[in-house]
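The same subunit A turns up in both complexes below, where it pairs with subunit B and then with subunit C.
Right after this comes the complex of A and B.
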């Protein structure tokens, strides 16, 4: 009885929308053509598989997640190791390093859009004044630079999350292990690979899984910086779903959302199994 | 004990839900207070309708581009509420335009049964709203309307064309006809006259692209090209300039226009950011002196004059093999769900030909649809309005199909970007644009 309100909320907020999306994915549910709405079986999925934009979006999503999350983890790990060292003003540095994570994605998108601006952006201005370039670079306006630019932005946003999670893990490692390693004459790298990383295994696993799911689903930064363009070069699967949904082709976008959900399940299932085991 | 606690929790939740419902009603009341009018809440309007439309309250959704326009609309509403002889009260509710998100919000609200009686509207949304039976048919209202002849018949035809039927669902309000802004001082520096033909226009773009100190870096680009969504409107002028059309974008003429467009980018006569430049960028580039020309409507004229004084002027897009400019539009619609349609028509007709028309178009700089308002000195003596009026005879709209929104939002910008950057040829780009618009 006590859990019934929670169950009700979960049912209404999670299960019903998911079931609705699944049902919609089997329908020609395009509100621009309301008279044609009806069951079409696997029609949406067949159309999706034959859609070149979908495959480009899948490819972009893979690059987005692998490069984005991978580098967030790499730099977050280094930052955590630095922040774990005692130094003057460490508290302040820790607080400041959280700012990107605490900033809303929409704001980050707008801020970096202006940083990268090809006419007035501070990055171009700086590089021009330092004589690194002789013409401003339209970072977000050409396919060769647009996607790397938005990936740098998501990396900037995600580093603090990894840093804080790993820092919390680092503080849970017993100092006695490092002292024992010192007595045995272990090098810094040996301590890193034999003590630190194995001790952080669980933290790294959970953090990576969560972040992969979040980054895969993220729309706000890309949408505000490029809208998926130019020439679809920054359109990930979630942005493509959003773009299709906003033109009211709900059946098609639901179909893609179901495919994305299935792809993410590959990542989410180990997480859920681990959570249940621990629970 | 557990059961008792559970029941208590459910009771609290129920009370909470009731409280929320009550708050919605009182919020509506608060909204009325904001308009400075003593009106009942919008939820009361249906009750009013049951007892006759005199004294009816109607809700009106609109967007305003800035606070000045927002205040002006509230003034117009207040004036209407105080002066109309039928005791009609309009409750204005402002929503952000949000790059077109307004139309989506309106559609969602109307489909959910929570929309207004009347709303500001864009023609491109007409098929979607009509297909879902959301808009009231205005044929009979207009047929019986004394001011019917004050609006050009061509506009009524455009409204019919938008609905894809012989019925009018959309009430004209004001238009924004695109023209070319230019900087006379840059024209003088480049020794260029105001172009009178399409070819001269292309030459002017080339000549006004300036490297003032010969450092190899372009200081002024001839034209502020808009490659992001919304750019299909100025782009359409290039396509028609070579004799092409939207009906068949795969003809030699249409492709020739596209080649001109791509050539401007490839030759460096437009900023390299053009592939993603939207409204804000083209205006910022023009106002900062980075571009010599750009295309927009009178909505920008006040800020242009504020920036440049007399060093900004305008000309209508010049003729080539063909001639076309985009007629932006803002209309009003009455919703089928409204129980006060007659009162609603009083309000939209006040905006179309009444005092509301004059005040709104003067404040916003938009082109009036009312002939008697167009004849006012204010509109006859303005150089930007003159460029608008010069373009009125060949102004048009994109074909409004159920594919148009997606075509504008994603297909056009991405296809054009691909073509500008050389990933696809102009022919391939035009084939894609044709297929996607008419699929």
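Right after this comes the complex of A and C.
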């Protein structure tokens, strides 16, 4: 059967690892202490629940996703509405505005870290010249500014994806509806809320879900900008899992990864149900 | 009179907001490039210059000569190319059978591929790491190809299914009535029509594998390290030498940009078709 090669690979590289991750989460599995590896039941989960860093990471993840995805959606929507109007050079603008989406997370982290730099950073320089600040701010190394700064970065990365998906949806709406609305004397706002947004329900739903899942899973941008610091203020759950995995405490981070997956499945289940229905 | 008013309105409702968003989206790239060609003295000088007073290609030169940036580029290229071909092969087959045949469990299988997009990378990272270690694959390019298949195959199947749905099955059926078997009909009839879509999907896979960092940092060593890891390691080696780092960044993104512009139209079509058409 033709599906079988793909299925075989996916089974091997996805489903077996998932099962192994579940098994690992019930073990004391720390590669730095190989002699202590063994089954500990719910030990990891009990430790996780009592770990204040874990709870802070959960809270950070919520802020990261709600603020990040919410604003990506907002600006992406605006960009899509703009790109839906005919003007000269629209094709080029559309292509160019997608570049952030194709940029590696490491590079995104690096570029923005340099923009935010506390000594030579261009953002500081601009704000100083415009008299918004009287002294340079070390954006990424103080707890009050670090998290908003990384959130701006994820927004920057996500706008193009939203814009492109919504734009495709906009182009699928039949012009007749707008013409009918014009005849009835509808205002621009009425057309937006009565025709455009309802017609885009499907696209918005799927794009939001996909982005929520991707953004909650994203590690590289935060990891490369702050590593989760200062004092864990930018550590989301996936960054925490990654940090634990890099110090080879695999049982503990598997436990957290399972929790993250369960949390995400709350979001994913409506999506799956919908796509099953439509086949 | 009325026309100029309309025009002015258009400036505020279209050109001003679009320029603002574009500035926000593109400025980081401009800044990265400008930084990479500034001489060190200017870079860390007392005033921030928005256009370099003096140009230098020094950082690019030393990146290749002292830091051997060609090697991670080659590694990335190797991993991304193999991943692209393997993924395209299995995904095209899978997508074809999803769109052309009815079989038991088809819906569940398609759902399975979709669920795949949901798993946190970090969840797979840990068991895959220990599997690779036990199989002695750690630090080989193959380990990354396998790891990347976890997210490239499901997404490619999804995209290719979308493209194939648009091709009527009467296409091959006509050929099959003329005596060709399905395989021949697929190669002769479907493949040529599907090629642009396959290329677009391939570009997507290539970009994803070229850019990936989380798996790469754990699954590679000095010899097999890919370009995002090399970029990150520069920070470790140099403290922060922004001229070199930004030059490395520009080099990283050039291949991506070229491929992206080449395939963007078809790529956007594929990404959006799945969600727009339902």
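Things to note:
As a working rule, the second predicted complex is superposed on the first by the 279 of 279 C-alpha atoms of A that agree within 3 Å, B and C clash if a C-alpha of one lies under 4 Å from a C-alpha of the other, contacts with A are read in each partner's own complex, and residues count from 1 in each chain.
Basically, contacts are C-beta pairs under 8 Å (C-beta built on N, C-alpha and C of every residue); 3 or more make two chains touch, one makes a residue touch a chain.
Everything quoted here is computed from the prediction, not taken from an experiment.
After superposition on the shared chain, subunit A has more residues touched by C, the comparison being subunit B against subunit C. In the superposition on chain A, A:5 contacts both subunit B and subunit C. With both structures placed on the common chain, the touch criterion links A:176 to neither subunit B nor subunit C. In the superposition on chain A, A:229 makes contact with subunit B only, not with subunit C.
Of the two partner chains, subunit C is the only one touched by A:24; subunit B is not.
Using the contact criterion defined above for the overlaid structures, shared-chain residue A:246 touches subunit B and also reaches subunit C.
By the touch criterion defined above, A:184 reaches neither subunit B nor subunit C.
Common to the subunit B and subunit C contact sets on subunit A are residues 1-2, 5, 117, 120, 246.
Chain contact summary for the complex, subunit B toward subunit A: residues 2-3, 5-6, 9-10, 13, 104, 107, 111, 127-128, 131-132, 216-217, 227-229, 271-277, 281, 284-285, 288, 290, 402-403, 405-406, 409-410, 413-415, 417-418, 421, 423.
Contacts from subunit A toward subunit B in the complex involve residues 1-2, 4-5, 31-35, 117-120, 134-136, 138, 140-143, 226-232, 243, 246-249.
Interface residues of subunit C, counted against subunit A in their complex, comprise 14-15, 17-18, 21-22, 24-26, 28-29, 31-32, 35, 43-44, 48, 50, 89-91, 93-94, 96-98, 101, 103, 107, 109-131, 146-147, 149-150, 153-154, 157, 207, 210-214, 217-218, 227-229, 231-232, 235, 242, 245-246, 249, 252-253, 256-257, 260-261, 264, 268, 271-273, 275-276, 278.
For subunit A in complex with subunit C, the touching residues are 1-3, 5-7, 9-10, 13-14, 16-18, 20-21, 24, 75, 78-79, 82-83, 85, 87, 93-100, 102-108, 110-112, 114-115, 117, 120, 122, 125, 156, 159-160, 164-165, 167-169, 172, 202-203, 206-207, 210, 213, 216-217, 219-220, 223-224, 238, 241-242, 245-246, 250, 253-254, 257-258, 260-261, 264-265, 268, 271-272, 275-276, 278-279.
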